[in-house]
Structures are given as C-alpha cells and as structure tokens.
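Look at the two complexes coming up: chain A is in both, with chain B in one and chain C in the other.
And then the complex of A and B:
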C-alpha cells in the first residue's frame, strides 16, 4: 500500500528588536556572558510589570504581510503555564486566543502553496545546558520576541519541507525582522508528520519532531520519520502520538518527554498587558516599508535570469536589491558573475558584505558587451570591485591598470596580424592552413595574442586571419 | 464541578509541588469552595455581554525599543539563587 505523508510546520523566528519583548534589556546576547542581558522582569521578581515593546508589533505586521497574511486589528496576550527551569515566571506570555497575524500563504519556488493558519507573538524561554548531574540556566534569551508561524498541513514531501523552511527564512530576512542566523537558533522548526494510505479521508496519527535548526535537518528528519512510520504501518503497528527529537549525528529521531495537553497549560488572559488595537493606517505604514520580496523578483527577472541561478541569488536580499538597480540589459551577465563567485569562491558570502556600486557593475557589463573585456578579464575586474581599496577607482580604471582592455581597433589589429604573418616562423602554419589544416589557425591566433601582449580580441583576430589567408 | 483527588495530584505535578496526603484533601476542599463561590456568577445572564479581558480599558500600552540600564545586575540575580556556577543558575538535572 502506498502511504501519503501530510506535514505541517511550526516555526519560531527570533526578532531582531533592540530590546526584549517585555523589558528594556539588550536583546542581542550574541557573544555576551551568560545572564548578562537580564532584568528583574525577565527573571520574574514579584511585582514586576512587563511592558510591551512597540517595535515588536511593527515587526510582526511586516512579517505577517511578507507571508500574505491578514493582520488582525485586535490581538491580546495570554499566559501559558508550565513548570520548567527555563521559565522563571512559570508561564510564557503568548497569544493563544487572539494572535496578531491571521491567515495567509507562502508560495514555494516549485509553485506549491502552503497556507499559514496564523502566527503569534510570544516570549522565548531561557537556555538550559545539561551536565551529568545538574543543568545550568542562562536567562539571556528569556523574552526575546518570537513569532511562531503555524502552517496548515499542506506539505507532502521532505523536499517541500526544506523549501518551505528556506522560503520562510528568506521572507523573514527580506522583511528585516530577524538576523536569520540559523546556527545561533534564530529560526527553529517543529515538523508534524503523519501518514495515511493513498486516498484515505482521515489523516493518520502524527508525530512532532521538535527544534530543528536547519533546512537540511528538517528535510532529513522528515525523510527519516516518513520511512520509520511507513515501516511501522506496513508491519501492522500503530503510530504513537508523541514528540520526538532529532539527532543530526545519527540521523535518527527518538521519543522525548510526553507533552502536556492544551488544557494542562491553563491558559488565561495576561492581565498585565492591555490589548493591541491597530488602525488600518498604522498597519499600512508598516506594510509600506516592506521591500521587494522573493516572489516579486521571480516575476521581475523571469526569462532574464535562469531559475537555478535566481534561486541561488535570492538567498541574499542586498544582492537582489543591487541587481534591481542595474541596467536591465546587463542583469543577466551581472547575475551570472555573482552566481559564479557564490558557487566558486571560498567564503563567498563575505564578498557580499560590501557590494560594488550599480554604476561600476553597469560599466563592467558594458565593457564586456563591447568586447573591450574578455569574459575572463570581466571576471577578474569583477572580483577586484569587491576590494575596498579598488572600488574608488571604478571598473574602467581597474581594467586599464590591469592591462585587460582588449584591442578591438580593426586597423590596429590588422597591423599586428601583418607583422606576425611576415615572421618566417609562422610560414609553415600559414601553408598548413591554406592546405586545409584547420588547427593551424590556433597557432597563428596565439602568435598574434602574444604580439599584442594579450590585449587583442581573439575572435576578431581570427576573423582577420581567415580573410587574409583565404585571399 | 467536582474536584477529585486525582485533579489535585495532577495539578500539583504540573506545578511541581510535592504535597503530603492531608494537604491533598484540604487543598481539594479549598479549591472546591473557590469554584463553588465563583460558580455563583453562572446564575447571571451574560449572553450579550462582551467578555472582559482587563478592567482598566486601556489599549496599546507600548514602550520605545531603547535599551535602558537595569538597577539589578547579574550579581543580584545570582544572589537570589540557591546555587550558581559559571555565572549560571545551577538546578537539578532536568530533561
């Protein structure tokens, strides 16, 4: 029997606001000492009053619209109670009943549409590090603003799991709401997977693989779960509804603590935070700040940049913005140059910290277009444009200084060709070519290139040689 | 609604409370009384009344996204803990 997987994903995105969701404490704890970014609000001293960060509301609006979601005019916060050392309050402040972000959808590069059920704002928990006999608690991460994005179960393959996670990451980065640093847990994915026989009306029992922190691990964990559940169902066993953890090293999932049921969280309205009521004007002001999104670029550059290359470049919002500033007729050649650097150069992403100006890129593409620069020379000048000491010179100047400008002046080239043909050592090659040996032309082109110190345009040289030798 | 012993034991485990036998019963009685008291509200007709989430009728109480110095620092936090190690709070192993 064939089993069809049905998959829904919850994604936690850490917002890059300056301060935390409920306190005026530094929200960027990267590289900082444990427990150095905390306030009495975060560690829940009695009587502390959480105060909502207005910027997080604005971020949520932009994140929501990036996913084509409705922004709810009214939203509220609730307390979700659970006992764990990562949460000094004994509850998480979240939006259970009235989330700020309503229904929407994310479109994958393949065209698959994944509907968003809703997304809500909440505070993150602290970080636990486990040792042999004890655990250590670092509260720096407590109440870092999170958006939890809940998808509908619209995904049916591990590949789409990967693509959905990646597209969400792109959308959040383009919307400018997160640092998007997956290695440091800025985005974490929980994947819910169930299998049902093909054509079945009801979904099977699902398992949830929690805390996946890369697209690849989300994809691999899904592949593993599909295989594991298929094997169990085929041997007549029942799937147990449970939370599972993923081990990247072994490539396996395994059961984790049993999860509380919703009623065990004893949700109640958060009395300390008044409701959030948004006017259409306020929402519009934030939405208008959104730049072009990946889907806009796909539409815009359709037929200009090939899909494979576009999907590589789309990972870099600043690069896409730059391409958008470039003369449309040069977009294809410039995007190819960027792709070749990203695919070939070590530390390619570092190149992109300081992008060349659109003027330089246009100039470079123009020189290449006029055949003033060979393709090798174009790439060489392109790489130099990223060097901060070179950028002031501009593309043309760099090309000149490196002696890369090709000689296209036909009269000048003809003179060089004549000089070469007059040399006795080229006599044999000339005779060979006239006798029909096609290869001999290569030797002659090489001699002309040498005579011109590499500056001649080889295809123009070949044309001249052919004309002269077949006369 | 009747509060059963299992409910008290379940709630205690969710809150990580250790209760002795007599406490289970007395807490059960107290909770039962509280629920009975609150249940009086069920007699009121409130079908067309909007649910109240908070009583101050405030909205959009937001603050600016600016880092402010905190009066209490890490030492103050760690002083409150039973045991600290490497500037972190040491707790029994939990998984």
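And then the complex of A and C:
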C-alpha cells in the first residue's frame, strides 16, 4: 500500500527588535554575559508589569504581510502556564485566543502553496544548561519577541518541507524582522507528520519532531519519520502520538514526551496588557515598508536569470536589491558574477555587507559587453570593486590601472598577429593548423596574447588568425 | 498635613510616629519599622526647610506603607513567608510619587498574605488587632495600614483594594479609605493579587487629605499599560451641594447588621435634610458579584503567584531533592493556607474543560455588573451602601469558615469587577463602640467628585 504523508509546520522566528517584547532591555544578547540582558520585568520580580513593545507589533505586521496574511485589527495576549526555571513568570505571554496575524499563504519555488493558519506573537523562554548535580539558568533570551507561524497541513514531501522552511526564512529576512541566524536558533521548526493510505479520507496519527534548526535537518527528520512510520504501518503497528527529538549526528528521531501526559496550560487572558487595536492606516504604513519579495523577483527576472541561479541569489536579499538597481540588459551578467564569483569567495559574507554601487556594476558589465574586458579581467575588476581602497575609483579606472582593457582595434591586432606569424617558432603550429590540426590555433592565440601583454581580445585574435591562415 | 510652617520639625513628627508605632506594638501593625531611613530623610527635609529650599506637598509627613509595595527600604514580604528576605531593587511608582513630595515612610504594615483575606488574620506575622477593640479583627487585607491611621500613628497609609481590602478595614476602624477607579494609580511595583481588579489607594483621617494624596498619585504610568491619563486633577467639578444619591434596595435586608442599617438610614435622613435627592435603585445583577469575583480573582491570582517558585528570590525550602520537590516544598511551606485555597480554586477554574463553564461565565457576569452600574449612574450621581454587612468581627470567628469570610465581601467586590470607585466614610459607632462605615460609590473617573462630596457631607 502506498502511504501519503501529510505535514504541517510550526515555526518560531526570533524578532530582531531593539528591546525585548515586554521590557526596555537590550534584545540582542549575542556575545553577552549570561543574565546580563534581564530587566526586573523579565526576571519576574513581584509587582512587575509587561510593557508591550510597539516595534514588535510593527514587525508582526510586516512578517504577516510577507506571508500574504490578513492582519487582525484587534488582537490580545494570553497567559500559558507551566512551571520551569526557563520561565520566570511561571507563564508565557502568548496569543492563544486572538492572534495578530490571520490566514495567508506561502508560495514555494515549485509553485506549491502552503496555507498559513495563523501566526502569533509571544515571548521566548530562557536557556538552561544542565550539569551533573545542578543546572544553570540564563534569562537573556527571556521575552525575546517571537512570531510563531502555524501552517496548514498542506505539505506532502520532505523536499517541500525543506523548501517551505527555506522560503519562510527568506520571507522573514526580506521583511527585515529577524537576523535569520539559524545556527543561533533565530528560527526553529517543529514538523508534524502523519501518514495515511492513498485515498484515505482521514489523516493518520501524527508525531511532532521539535526544535529543528536547519532546513536540511527538517528535511532529513521528515524523511526519517516518513520511513519509520511507513515501516510501522506496513508491519501493522500503530503510530503513537508523541513529540520526538532529532539527532543530527545519528540521523534519527526518538521519543521525547507523549501527548497523553501533555500539560494543561490553563490559558487565561493577560490582564496586564490591553487589547492591541490597529487602524488600517497604521497597518498600511508598515506594509509600505516591505521591500520586493522573492515571488516579486521570480516574476521580474523570469527569463532573464536562470532559475538555478535565481534561487541561489534569492537567499541574499541585499544582492537581489542590488540586482534590482542594475540596468536590465546587464542583470544576467551581474547575476552570474554574484553567483559564481562573489559567493565563491571566502570572504563572501563580509563582502555582502558593502556591495559596490549599481553604477560601478553597470559600468563593469558594459565594458565586458563591449569586449573591453575579457571574462577573466571582468572577474578581476569585479572583485577589486569590493576593495575599500578601490571603491572611489570606479570600474573603468580600476580596469585601466590594472592594464586589463582589451585591444579591440582590428588594425592594431592584425599588426601583432603578423609579428607573431613572422616568428620562426610559430611556423610549426601554422603548418599543423593548415594540415587540419584544430588545436594548434590555441597555441597561436596564446602567442598573440603574450605579444600584446594580455590586452588583446582573444576571440578577435582567433578570427584574424583563422582568416590569415586559411587564405 | 503640611509642616512647612516651621513650628514642628519633620524629625519630631517622624520620631513621634515611630514612638507611637512601638507603643502600639501589641497590635501587630508593622512588619518593619524604618527607623534609620525615616529619621535620615526627616533630617534632610528639615535641612532643606532651614535653607529656605522648596519642599514637596507632603514634606515631612510620616506615612505607613502596606507591605506589598516594593521599595528598597525594608523587605517587601506581602506578609508571606515565601517572600522572606526579599529586598526590592525597584520602587513602586506610587511610592516614588509620594517620596518625591517629601512623605516619609516610617514602616511597612501587616496584611493578609498576598492580600488574600478580609481580616489580616492570614498573615505570616500574626493578626493585626482592631483599633477600637483588641479582641476583634482589623479588617483586611490592608488591616495594618488602617489601624496605623486610626491609632494616629501616621497621617496616612497606602493600601490595595482588590475586593474591599481598603474600604472594609477603613470602615472597621472609623477612617476614610478610597478604592479609586481602576487604572487611576499605577500598579507598577505593587505585589499583584488580581491584575484586572487591583487598585492602589489610601487611608486618611479626612477627605481633604485624601484629595491631596489622589492629586499626587494619580496619572498614567508608562510602566503600567492599564493606567488612565490623569483625569483626577482635570475633573470638571460638579455641584456637590445638590446631589442625587442612590440607595440599593436589594441590600436593605436582614443580612445587614441592624446598627449598620440604622447608620445608613440616619445618613440618608441627613442627606435629605441637606437638600440632596434620594433615588431608590434596583441592582439585581450585583448578586452575581461575589460568585463571579471568587472565580475571576482566584484565576488571576494563581497566575500572578506562579512566579514565586523559590528559584530566583525569597524563600526556598531546604529539603528539596529535585526541581519538582523544590517547587512543591517551597510553595507548600511558603504560602499560607488561604493562599493555597485560592491557588487551587484558580487553577481549577482555568483547567481545560472548566474554563468555559467557570471563567467565561464569570466574565459574562462581570459585564452584566458593569452595565448595571452604568444604568444606575444614569439615575444618580453616587450610590451609598454599607461596605460590609457587619462591623468588625471577633478574632478567629471566621477563620475556619472561608465562605462566611468571603460573604464579608458581598457589598464591596462588585465595585472592583466594574472598575468603579468607592470611598469608605466613617458613620459613627455601635453602642459597643465598634466603628461603622459606609461607602460612596461613583461612576468611573468620578473619584474627585466623590472626595468633594465626602467633604461636603462629613
């Protein structure tokens, strides 16, 4: 029997607001001492009250619209209760009953649409580190704003799990609401997977693999779960509804806690935070701040940039933004330089922070187009544009200074060719070529290039050589 | 309350207050006496006055702070073991405002632990005794504050009122006690009981003092999102010499102590004779008040008390083996039995499957009560009722009967559910010398006029 997987994903996105969701403390704890970004509110001293961060509301609006979601005019916060040292208040402030972000959808590169059920704002928990006889608590992350995005069960393959997670990551990065640093847990995915026989009306029992922090591990965990569940079903066993953890090293999932012992979170409306009421004007102001989204670029550059290259470049919003400023006729060559030269560089991440101006890039592409620069020279000048000491000079000046401008003057080239053909050491190659040995032309072109100190346009040189030798 | 006339020094006032506090130590009024700090502050103020510098509106006035207000002076314990040793690094907004005007805190006052109670008997530090009869309760939960003012130890004291915790002890001790409109005074830095009904207020000996304190403490606080913009100081004054006073007929029954009924009738006659109009009101929805209150408030308070887990501050049980036993033992030993009772009720009504049946239904009843008040205030300016059905009861009398204790709140809780202000005013004494109190209730944001009316009829 063939089993069809049905998959829904919950994704937590840490927002890069200046301050925390309910206090004025620094929200960026990267590289800081444990418990150094904690206010009396986050620490949950008695008598402390949450102060809702308006920036987080604005981010939520942008994140929501990036997923084509409805923004609810009125939303509220609720308390979700549980006892654990990572939760100083004894409850998490979340949006259980009235979330800020309503229904929407995310379109994957393949065209598959994954509907968004809703997304809500909530505070993150702290971090515990366990030792033999004790545990240490770090509250730096407490009440970092999160958006939890809940998808509908519209995904049916591990590949789409990967693509959905990646697309969400892109959307959040384009919307500018997160640092998007997966390695440090800025986005975490929980994948709910169930299997049912093909054609079945009811879904099977699902398991949830929690806390996946890369697209690849989400994909691999899904593949593993599909295989595991298929095997169980085929041998007549029942799937247990449970939460499972993923081990990246072993490539396996294993049970964490079963849903039977699931806690009763005793949800209650948060009385310390009044309802959030948004006017259409307020929402519009935020939505207007959204840049072009991946789907916009796919439409815009369709037929100009190949899909493979576009999907690579879409991971870098800054590169896409730059491409958008480039002369349409040069977009293709600049996109190639981005994908094959820039991203191959060791210092690529650093370079991305300070891209050359569109003017320089256009100039570079134009020189290449006019054959003033060979493709090798184009790459070289391109990389020089990232040198802080070069940026003032512009592409043309750099090319000149490096002596990379190609000789395209046919008369001048003919003279050089003649000089080379007159040299006795080229005689054999000339004869060989005439005798039909095609690759001898390469040697001759090389000699001409040498004679021109690399400035000759090699394809023009070849044309001239061919004409002269076949006369 | 002003001392800037130079006839008396702040230090003299503070030393007198501290002496009196010690003299009445058998009343269990204070959980902490701020001797050093208070005298130091008094000297600073005296020095300022001597130099001819401007001082605040409360310069040198000694006051008592209910022990659920956070300030770095003394431990903030909320009269519960679980907060033992808790020295607050932050100051409540209301305290900061009083101190900025030069008021001097001479001590922290006893309360029912976490303000759970109507007698101040549920305190880890023992019960506070009634100012008129030491065999009786002070009322609660702000019992210590009420008695501190009633015994003339201080000029005023702070209180919190979640269901009557200011008005009832005020009436049990013959003084003024105001529960303002919800959101009038910032709750920041006050140990939370039930967030949606908690109000910060004061005990005073005169409505004039109440007026001054309200004009100082009112106003929006960015640290408390539920505060209202200052309306108190911008209130358009009504003509309080001709007011329409509502009397709730539903309450005029045998459950109210006869002498209290008599006091109410006497006040009504007095008001009539002064030319005020008496309006009879029927407010049937108020009968749901107590039931709704004892669902909504436990739900919120059990949530607010979750933070007391022995991990970060206060008391931690010594014999814990692991995380679960640390939580269990700390909370079991650190909370009083009334705290635990309410935590259990709260968790029960929030449990999945019961939320709709209890919490949501109670929330609906709350809306009904709110509407009932709105309707009533179309017919009258203020409502006059008893604060509680009886004068101060005997110590220990209701400790073992929680329902009888909860019934003490039957006339006070509906105000908290509706968010409307209530001012307890003295109304004479019983033949045995127990004080009697009534409450004036007004519409939301009518606090200023409520106080003005109390001045008019005192």
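Assume the second predicted complex is superposed on the first by the 444 of 471 C-alpha atoms of A that agree within 3 Å, B and C clash if a C-alpha of one lies under 4 Å from a C-alpha of the other, contacts with A are read in each partner's own complex, and residues count from 1 in each chain.
Heads up, the rule we're going with is that a residue touches a chain if its C-beta (ideal position, glycine included) is under 8 Å from a C-beta of that chain, and two chains touch if they have at least 3 such contacts.
Here the structure is a predicted model, which is why all the values come from computation and not from measurement.
Once chain A of one complex is fitted onto chain A of the other, the partner contacts of A:81 extend to both chain B and chain C.
Judged by the number of chain A residues each one touches, B leads among chain B and chain C.
After overlaying the two complexes on the shared chain, residue contacts for A:130 are found with chain B alone; chain C is out of touch.
In the superposition on chain A, A:264 contacts both chain B and chain C. When both complexes are overlaid on chain A, the residue A:51 reaches chain B and chain C alike. Shared-chain residue A:318: touches no atom of chain B or chain C.
In the superposed model, A:33 makes contact with chain B only, not with chain C. By the touch criterion defined above, A:248 lies against neither chain B nor chain C after alignment on the C-alpha atoms of chain A. Shared-chain residue A:354: touches no atom of chain B or chain C. In the superposed model, A:276 makes contact with chain B only, not with chain C.
Residues 40, 43, 45, 51-52, 81, 83, 85, 90, 137, 264, 266, 271, 273-274 of chain A lie in contact with chain B in one complex and with chain C in the other. If you check the complex, the residues on chain B that touch chain A are 14-16, 53-54, 56, 58-68, 70-72, 74, 77-78, 80, 85-95.
Remark: chain C residues 68-70, 76, 78, 83, 86, 88-90, 92, 187-192, 194-196, 222-226, 299-300, 303, 305-309, 311-313, 323, 327, 347, 350-352, 355, 359 touch chain A in the complex.
The residues of chain A lying in touch with chain B in their complex are 17-19, 24-26, 33-36, 38-40, 43, 45, 51-57, 76, 81-85, 90, 128-139, 257, 260, 264, 266, 269, 271, 273-277. Residues 40, 43-52, 79, 81, 83, 85, 88-91, 137, 264-268, 271-274 of chain A are the ones touching chain C in the complex.
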